[in-house]
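Here it is, the structure, as structure tokens.
Letters A, B, C and D name the chains as they come in the text, with residue numbers starting at 1 for each one.
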Amino acid sequence: MALTGVLRPGHCQLRVLDLKEAEHFYTHVMGLKPMGHDPSGRAYFKCLDERDHASLVLRQADRAGVDFCGLKVLDTATLHRLESDVRAFGLPTERIPAGELLETGERVRFEAPTGHLIELYAHKTTVGDELGLRNPEAIVDGRKGISPVRLDHWQLHGRNVEGSRDLFCNVLGFRVVERALKEDGVSDMGVWMSCSNKAHDIAFVHDERDGSLHHASFLLPTWEQVLHAADVMTIHRTAIDIGPIRHGITRGTTIYAFDPSGNRFETFCGGYDHYPDMEPIVWDWEDLGRGIFYHTRQLNERFLTVVT
Amino acid sequence: MALTGVLRPGHCQLRVLDLKEAEHFYTHVMGLKPMGHDPSGRAYFKCLDERDHASLVLRQADRAGVDFCGLKVLDTATLHRLESDVRAFGLPTERIPAGELLETGERVRFEAPTGHLIELYAHKTTVGDELGLRNPEAIVDGRKGISPVRLDHWQLHGRNVEGSRDLFCNVLGFRVVERALKEDGVSDMGVWMSCSNKAHDIAFVHDERDGSLHHASFLLPTWEQVLHAADVMTIHRTAIDIGPIRHGITRGTTIYAFDPSGNRFETFCGGYDHYPDMEPIVWDWEDLGRGIFYHTRQLNERFLTVVT
Amino acid sequence: MALTGVLRPGHCQLRVLDLKEAEHFYTHVMGLKPMGHDPSGRAYFKCLDERDHASLVLRQADRAGVDFCGLKVLDTATLHRLESDVRAFGLPTERIPAGELLETGERVRFEAPTGHLIELYAHKTTVGDELGLRNPEAIVDGRKGISPVRLDHWQLHGRNVEGSRDLFCNVLGFRVVERALKEDGVSDMGVWMSCSNKAHDIAFVHDERDGSLHHASFLLPTWEQVLHAADVMTIHRTAIDIGPIRHGITRGTTIYAFDPSGNRFETFCGGYDHYPDMEPIVWDWEDLGRGIFYHTRQLNERFLTVVT
Amino acid sequence: MALTGVLRPGHCQLRVLDLKEAEHFYTHVMGLKPMGHDPSGRAYFKCLDERDHASLVLRQADRAGVDFCGLKVLDTATLHRLESDVRAFGLPTERIPAGELLETGERVRFEAPTGHLIELYAHKTTVGDELGLRNPEAIVDGRKGISPVRLDHWQLHGRNVEGSRDLFCNVLGFRVVERALKEDGVSDMGVWMSCSNKAHDIAFVHDERDGSLHHASFLLPTWEQVLHAADVMTIHRTAIDIGPIRHGITRGTTIYAFDPSGNRFETFCGGYDHYPDMEPIVWDWEDLGRGIFYHTRQLNERFLTVVT
């Protein structure tokens, strides 16, 4: 089997300060499909081109941020094998019973060295996209809102970037696609990693605030749709951080913006295809501004200060 | 390791009727980078965003078509494991010594049930793309010709589609992404298969002419570049088969056209991302026209008659 | 005043075989805004970015085609001056009283030498676009259907192309932007003319069938929207004649397709800007195929045979 | 004649601090075509899709900025009529003899109330675009640099905006397309005016520095080309002011950046079509940020402080 192990970022649970407001935002501005609530009141959403039940879960809380990031793995055997491997790496793991998240099987949870709760799961109910599996049409006409293709990746911040890098590379089968070096020219300020052909499935960047979320990223199909996303954000007066702009890292085009609770999200397009026989691209400290924001060629103040 | 086994379509050798003319075409119209000749006179080319030495090899011959299609695998161990697996599947294999193709390691070759020579290899010299690995720019300005991103996939025709499907799925780790059914509603007229996150890495379609090539496909980054490709083809009076148009199968946008020897090639963009937990999409016979050519909704005569 | 005289194609009245079916098509597939019916039962539509009341009028009839094409002129003085000029050119004119078309002022009508009823008018009620005139947003989100920007131009067929050309150039202030020559290399097979900066506002092409309509054209903003239009047509199984493709003439991108009554329409994008100091571009007979369909480089059979 | 009087922004002369450096920039970064030098050493350039000899003239000077902006008019009779009209408006005019600018006829020059030298001319040698007038191709392949379609418009700053507005509207035949109001809600902070179907051919914005240049604008055909322009600017380390972004005013997409002498230029795409029967769009002071920069919804500091 050519694609195995961890398949993709599958779901994440975000904390929001006002659930009603957040549901309105993710439905009408982001253009996700609401997939109902669970008994604890959490709200579920999926992107219209995803086939699994939900990729975004919102939980009302006093503080914004991410509760956990879930990676879908190939099957139950993989789940149990990776559970052992994570333990062997030295991290305690916890099993969350099937059904704790709607339509989701048993999850194996652990805390990455950067302080983020990561979980693995092998099963989530397939509900299908809007197009179907038999003689489908190619598009859904008249989509409203940003309407991303899928949850794409997360950028997570914490102190022990090397630790999380090693966990993801040596245990979970990710590969480093791009690296940004600290001023010392040796150690990793940030790493962008892939478990697939994508330019990145997860990124870790150095930050004193362990367990913090820089952004959750949603995929758009074209640069014209990135423009449309920016227009939709303005119509709804969504706070834009930066963009439309290109990243040097991954070459993708992007907008960073904030949900009503202050969680940064990204609407991302492009990025080259990655294969495991490709050497990582390396960014020196002096070029990092251009690496992150290819056109301004400098970090804006918010990039390194605002996380949730 | 999340991505393992067979990585991607890595190279193919096409037969051309006039090597000089073909070299001119692939250099100036297709916009590939010439990578030299070997002692036997074969001409090598790479796409500008590929890092390996070459993805296209041209050989002068009396008849157009494809000599062999090469799949790059993760490493030597994988190569030898897959060699055994192919033999266990019942196919004889042959080892082609390293260096027989320029800058390419040992290859393991076998004939697929549809009559095509397929080969696996683990090593090809990395020459890099035009951007480099340290603080790269995001684009190369002023590219001339169609200038595709990479070799993307092949569509191969022959009688025993099920046989090649089983070889690729059961032995080489591919997965069926989309299927087109024959009039009987049961057996496969064609299968589109992936060894990665791509919508397809290879396709087999039923045809009485074993070992024949329907097209080799080259990736373009945007629909605007598909238009540009069509414009470039017209400037050079390249024979266009069909397009710009969308496929229903994979949802990709495309042009089919012919090189000066009559080998069909595709300039392809898009296609959704595939994961191994996704059920195949199925096309019924009555909808196949729309599956292949989403806008005309019917096969043109050439689709099923012209192969090389 | 820099832009004066005839301003633009303002409205046209098409004959349809089944009004209900046509209304459904122009509302849900073309994505126009229904603007009501008049006492005689005619249905009115406008494009969403047009400010005047309506640009398309549908009339139930036994035979498809165009009843008349209306050009908006600057003001009443211009209307009356052009009325005299048309009479001086030798054509009888008729005044249609204000209100005969909903929200439309007095019209001056005459028959062009190619047998088409052309009318001029100076007033039509401004109803505005969806964005408004005070601190507007830049887009309307969630448009469904093809949703063109505006009515763009018509291509009309008849025998006396030179006559209509002279009427439009010498009397109505149009300029020839591009010409296609007959096999004799001298006389006009077709002329593309502009009264503005657009690459064309009207075209006349030689045809034995006087008074016939080749197509009414609707403007799209981008090549990606042309693709979307083709996708929408397929979803609704609209008969596509050709495209997405580029014209050599005007360089615009296009789809030709048919409404349910068989009236050909175009969804058009691009075309260079025209100025009155620019010499016409000339197409020789041998290159006309490429002039019309830049990528196929040949006329399809329907181009010269199917009109309404 | 439907389009008459002033046709378009035809040329402008910019002052640059280092002519060699500026020539390199406008040739290799902007991608204009060098059209030679005149005896006084000025350097001439044209956009590749323009047919007249040159649209940009560079003059070495101690201070950056614009020497004059030239408007092409329909013919000599128009030139002389407008000369009288400008005098009747109360402005002295000067005739610059034919040939003072290369390949350019007699010019009539006057100073607009905002302190800018404006000139009219009826003749400039047609040199043609790269495509030709007989059976042309649709594109030029392999263009390098930003490679704009044409000089599009200027934004000029000075105190007497109303005066320049009246000159352009009442004498030169322009129409106000959009207005931005001062805090008083009555008087014009800025006016965007058109002499054609374009969303603007010139803009005047209030500023204490009479005769100053905010930017000269160059047209790009697509939003993807706007991205390409930003990429090219980064490759060459051109100072970007803002963008890629959308304007609320005109809805166009844009980048503002600076040439090596500090002259701001714009690479602009889109903008709706204007007709003289359209009421101006009005922007209130509170919404001006969104009017100028639709996505950030606020003026950056440079917008109102940096001019040349």
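In the analysis below, contacts are C-beta pairs under 8 Å (C-beta built on N, C-alpha and C of every residue); 3 or more make two chains touch, one makes a residue touch a chain.
Predicted model only: the values in this text are computed from it and were never measured.
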Fraction-based call for chain D against chain A, same above half, different below: same
Rotational angle, Cα trace of chain B fitted to chain C, multiple of 5°: 180
Chain of greatest Cα-centre distance to chain A: C
Whole-Å gap between the CA centroids of chain A and chain D: 43
Mean-CA-position distance for chain C and chain A (Å): 48
Chain D residues counted as touching two or more neighbouring chains: 137-139, 222-224, 231, 234, 246, 290, 294
Residue ranges of chain B touching chain C (in the complex, touch as defined): 223-224, 227, 230-231, 233-234, 237, 240, 243-246, 253, 290, 294-297
Contact set on chain C toward chain A in their complex: 137-139, 141-145, 222, 224, 228, 231-232, 234-235
Footprint of chain B on chain A - complex, ascending: 1-8, 49, 51, 72, 74, 126, 133-139, 149-150, 172-175, 195-198, 221-223, 246, 248, 251, 270, 272-273, 275-284, 287, 290-291, 294
